[in-house]
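Both complexes below contain chain A, partnered by chain B and then by chain C.
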Partner chain A sequence: MVEKVEKQALATAMERILKQVEPQWLKEIRIQAWQRANQLELPRVDKIAYKDWPQFITSKTIIKQQKDIDAQQQIEYQLSNYADHYSKKLAKSMQEKGLKTYTFKEAIQLVPQILKDQLIKMLKQANTKTEAYQIALMTSGWLIKVPDNVEIDEVLTILTDQASDQQTDYCNQTIVILGKNSKLKIMHEIASTPQSASPTHIGVNITLHANAQLQYIGLDQLASNFGYLKRTAHLATASQLNWQLVDLSKGNLISECTSHLIGAGSESKINVISITSQQQQHGFNTKLLNYGHHSKGEINQRGVLLDASKLVFNGIGKIYHGAHGTYANQENRLMMLSSHASGDANPILLIEENDVVAGHAASVGQIDKQQLYYLMSRGLSKAMAQKLVVTGFLSKTIDSSIDQALAQRILGKIEEKLVNG
Partner chain B sequence: MSTLVIRQLHVAIVDNETKKQTEIIKGLDLTINTGETHAIMGPNGTGKSTLSQAIMGHPNYIVTSGDILVDNVSLLAKTVDERARLGLFLAMQYPVEISGITNFEFMRAAMNAQRSPKEQLSIGNFMAELQRNLKMLNMSEAMLERYLNEGFSGGEKKRNEILQMMMLRPKFAILDEIDSGLDIDALQVVAQGVNALAGPKFATLMITHYQRLLDYIKPDYVHIMMDGRIVKTGTGALAQELEQTGYAHLRDELGLDIKLVDED
Partner chain C sequence: MSELESIMTDEDYEYGFHDDVKPVFSTGRGLSEAVIRQISAAKNEPAWMLTYRLAAYQTYLKMNEANFGPDLSKLDLANMKFYQKATDKKYRDWEDVPAKIKTTFDRLGVPEAERKYLAGSSAQYESEVVYHNIQKQLATMGIIFTDTDSALKEYPELFKKWFGKLVKPDNNKYAALNSAVWSGGSFIYVPAGVTVPMPIQAYFRLNAENTGQFERTLIIVDEGAHLEYVEGCTAPQYDSDSLHAAVVEVNVLANGYCRYTTIQNWSDNVYSLETKRAQALDNAIMEWVDGNLGSKVTMKYPSVYLNGYGARGTMLSIALASNGIISDTGAQMIHNAPNTSSSIVSKSIARTGGSVNYRGNVKFARNSAGSLAHVECDTIIMDDQSKSDTIPYNEILNSDVAMEHEAKVSKISEDQLYYLMSRGISQSKATEMIVMSFVEPFTKELPMEYAVELNRLIAFEMEGSIG
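And now, the complex of A and B:
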């Protein structure tokens, strides 16, 4: 039933998008993606049965909003994308160094070849229905490019804010390309404006050329009933990518993050923090794929569950044939703060080479009563003791290389979510 | 002056799996006034640690009868944190490790928990106090940035307990085998910290196996505990005497029918 309604809505959306004034090459990519989508299946996320959730059309139920979005508005984002509106306030130093940023429409006009190559590449790699739809239906996003040999030390802040008044879902795509020996830090905040209930599809696609270094922080605070986040990176020789994903979304969520360690000696770390509350269900597919020899990957996922929520961490590590001397490690840990919550931590390691180092650890547990007792014996209230233990547990997954002020902001948001649910 | 009174106390421990209760403290009386230093000694398995945990309110220890009072107010219905804020402090035998919380953050939160929202400690005053105490305990400032007790050596953990005690300035400090795992130098440092707090507003209850600790922290009273009760109370001389003669001898002298845990 849902499927039939959704198909109809998607077809209407597609028709509308194809009527837009866009170059023929883009229309062709969209049509190919559309056809592809119809042949593919939804992404498989173990232990979470999400396939019956409405994922592509506005659902009637509106999630109860909390007032915390106002705080975001006070921050000046260098790139912000509210619905189809964009604003750019790039730091002068970034512009002078040669950082290029294009809105989706600017990219079509000014750098069509780059955009086209990216979209074709993405389409080729798309192996799920959701990914293909994302390409067919994308209407907004950024293209960010750092030229070769340019190192930017400041943090580039990006806001992707879903609009409330969309009839169909929101498809947004951020493309990041780092040239050889370049360096960048990104803080990407993903939010929904109040009253928004339409499904959200957000993609982040990263390409790192040789020796490039990127730190990507994703702070996800979606309010939509359903959010699908797809983050993918391809790493060339000796490039490095640290993902720091912080999921504080209020609806249901499927979050996929994949690092393709293609180049020799490339390195990627994926740190994930998630807090679920009420009836929320969040599922994560966090993947590290080692192709290049001596590549190195590490997954660290920590989650806290409140109320009757559900949280699943799938950690997938694959070392391909030929990836000699690689390293792949993962840790998935859940802390349950409610007996009604359900959680799963599933590490999966697939190894095709012998001379590698790979390991995994997983745990699902409750808050340690001895720790609470110890803290309370020093006069801390139970609530305060619990807050310290839980934030302590989660903060172990905040990368130490992250700017202190940003780390504080993340911790503040985590505390808010723990208190407000 | 404040008074801690323990009256005809009976405490049972609950086995987490079988839920079976075993009585450990079997009718114990003890009165401690601020300004006094007490020591409890006794053979293994007589309930010394149980007593300290019961006073602090550990949930696994059930008071089956009797009472624990501070200035005539019963503690039994009070939560662990309320007891702490009333001025009780327990330096634990095995302090837990808590990852992700720095010693500094923890200590500041604990200090502020005692204060009303209007009187929260300024960071300057807090640091000054902290540095003074660190120096006295011969601890480095680097300890503050480490996670709470995580990876601390046995000696470091004990010092960290005393540091917290010095910062929190309780009325009644219970030191549960604070001397175990300490070398002589560390023992002296720890004793120095405890002695620095001594005064009319502070009382200590030391739980120990060895007379040695009492060379550094001089007790006014020494209580000997066996089978869940205090069987004899004396001065520092009693501890010295016991060191010579042993617990079995004392038991026989008192004509008690108790089997000591480590006896064959």
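And now, the complex of A and C:
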């Protein structure tokens, strides 16, 4: 039933998008993606039965509602995108160094070749229905490019807000390209406000050329009933990518993050923090694929479960034949704060090569009673002590290289979620 | 060196001989409802068993292959011989067993083992148990050790009470097939409070080509009783494939103890697709000790359902896969009661193009407060032709539990190798020593003569494996 309704809604959305004024090459890519989507299956996410949830169905009523986004924000984002509204406040130093940022529409006009190459590459690699739909139906997003040999030390802050009460279909793509020997830090906040039944689809596509370095912080605070986040990176020789994903979403969520370690000596770390509460169900597919020799990958996932929520961590490390001297490690840890919650920690290793060091660990436990007792014996209330222990558990997964102020902001948001659910 | 290596590695599978024993009864190739009626009639079974078999056959027809694990599409079930009986009788005395069958088992060492000190010993040849003995002392203690077919006739109530209670036909396709055509296997009942003083042993041998062996083992360890059971499996080499699809059910009642040891050394044309499941009631202990050295494809994930308060389940396993062998094994620990504990230790070695996969499942159900689980998977990949997947699932539905899982995959430690070689030990000997110490936690748990045999087999398998 859901499927039938969704199919109609999707077809209507596709029709509407194809009627837009867009160059022919883009329409062709959309149509190809649409055709592929109809042949492909939904992504496989072990141990979470999400395929019956409404994922594409969208609310029919469009309520036009003005919202002053700038006034609501506590901090000023350099790039923000609220539904169709874009705003750009790039730091001067970044502009001077040559950082390029384009909205989706600007990219079509100003750098069509780069956008086209990216979309074709993404389409080629799309092996699930959801990914292909995200390309066919993409309506907004950013293209960010750092030229070769440019190092940017400040953090580029981006807000992607669905405005889920305004738009029916929402597929957003952020494309990031780092040239050779370049360096960038991104703080990407993802939100959908206010709470609504509209699903959210957001993709992040990263390409790192040789020796490039990127730190990507994703702070996910979706309020939509269903969110699908797909983050993918391709790493060339000796490039480095640190993902720091913090999931505080309030609806159901499927979050996939993949690093393709293609170049020799490339390195990627994926840190994931998730808190689930109430009836929320969150499923993570966190993948490291080692193709290049001497590539190095590390996954650290930590989650806290409250109420009757469900949290599934699938960590997948795959080492391809020929990837000599690779290193792949992962840790998946869950803390259960409620006996009605359901947690899954599944660390999976797929290895086709012998000259490797690969390991994984998983653990599940309750709150450390000794730590709790220690704090309470120092005069803290139980609730406060519990909050501290839990925050301490999660903060171990916050990378030490992250800017202090940002780390504080993340911790603040974590505490908010622990208190408010 | 290389010439020597090639000679060593090409050495034949030790148990690869076969003898031409003509079966006295065979249902021929293929499977149908008529074949199942034939099997049941030949065994002179009660009507309920025939009904059970036919229902299981219907389930089998409806079921698909598992959606995970190795490819089984080359397994030719249409040409399989599903039931073969080599002789009409069961023999109490080893001397009476027909000479040819006896020669086979002599080469496998059955009577020798028994002569030494083993409690009872049975041997299954194709579908039927041909030789069976149990020391008088054990019989007087009230211990029942017989083949499963005889148990159905001689202990109908006990049999019906426990048969098929843990493994239902719809568990998986090959459990359904086994339920339809099962034959042979061991039946053991240990009365309350009785300790079986020595391990009980069984041997399973597939001789003819294209044969399916569907043994059905049922063990009941009554309250406070204690049992150790050991089984070994071999088969000759043919060009065509054979199938071993066993179902084993072990019930350990309150305060009981059972250790079930398997050394599977099938030749490389045998598909070994087994379903092994145990339940442990209040404060009972169930231990699986599982060694997989041979076969073409093995799929086996023994489980312990920890159904009673304070029950404990363990799995200790090794797998060695070479030359295209796929060993897809693992363990399942299902914590269904408070204060239960489990431990899984899995050691795997892949070499010369073999694949060793670990597939596990640890589940803490809602009512499992105070339970603990520990999982450890270590793999050595000897060369760059070999592969290993580690796929553990850990599902937790209770907040008052603790689970730790660790796994490591690597090649032979160069540090260790270098250390040994710098002491004047040859590379091949040093490699063997490292592998032996890697599997030692397993071998030290085996009865002495099995440990010796296993060490020998591993040394034999490891010859020429320096990459």
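Quick note on the criterion: the second predicted complex is superposed on the first by the 402 of 421 C-alpha atoms of A that agree within 3 Å, B and C clash if a C-alpha of one lies under 4 Å from a C-alpha of the other, contacts with A are read in each partner's own complex, and residues count from 1 in each chain.
One rule holds in what follows: a contact is a pair of C-beta atoms (placed from the backbone, for glycine too) under 8 Å apart; a residue touches a chain by one contact, two chains touch by 3 or more.
Everything numeric here is computed off the predicted structure, so don't read it as measured data.
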Three-chain arrangement built on chain A, chain B and chain C clash or fit: fit
Which superposed partner A:Y373 touches (first chain B, second chain C, both, neither): first
Greater chain A contact set [chain C / chain B]: C
Touching partner for A:I299 - first (chain B), second (chain C), both, neither: neither
Which superposed partner A:N354 touches (first chain B, second chain C, both, neither): second
First (chain B), second (chain C), both or neither touched by A:K396: first
Which of chain B and chain C A:L178 touches, first, second, both or neither: neither
First (chain B), second (chain C), both or neither touched by A:L334: second
Partner chain(s) touched by A:D344 [first = chain B, second = chain C, both, neither]: second
First (chain B), second (chain C), both or neither touched by A:S363: second
Inter-chain angle, chain B to chain C through the CA centre of chain A, in degrees rounded to a multiple of 10: 70
Least Cα gap, in Å, left between chain B and chain C after the two complexes are fitted on chain A: 6
Chain A residues touching chain B - in the complex, by the definition given at the top: 368-371, 373-382, 384-385, 388-389, 391-396
List of chain A residues in touch with chain C within their complex: 46-47, 305, 321-322, 324, 334, 336-339, 341-366
Chain A-touching residues of chain C, taken from the complex the two chains share: 364, 366, 369, 379, 381-384, 386-411, 467
Complex interface listing, chain B residues touching chain A: 56-59, 79-81, 83-85, 89-90, 92, 95-96, 98-101, 105-106, 109-110, 113-114, 147, 164, 168
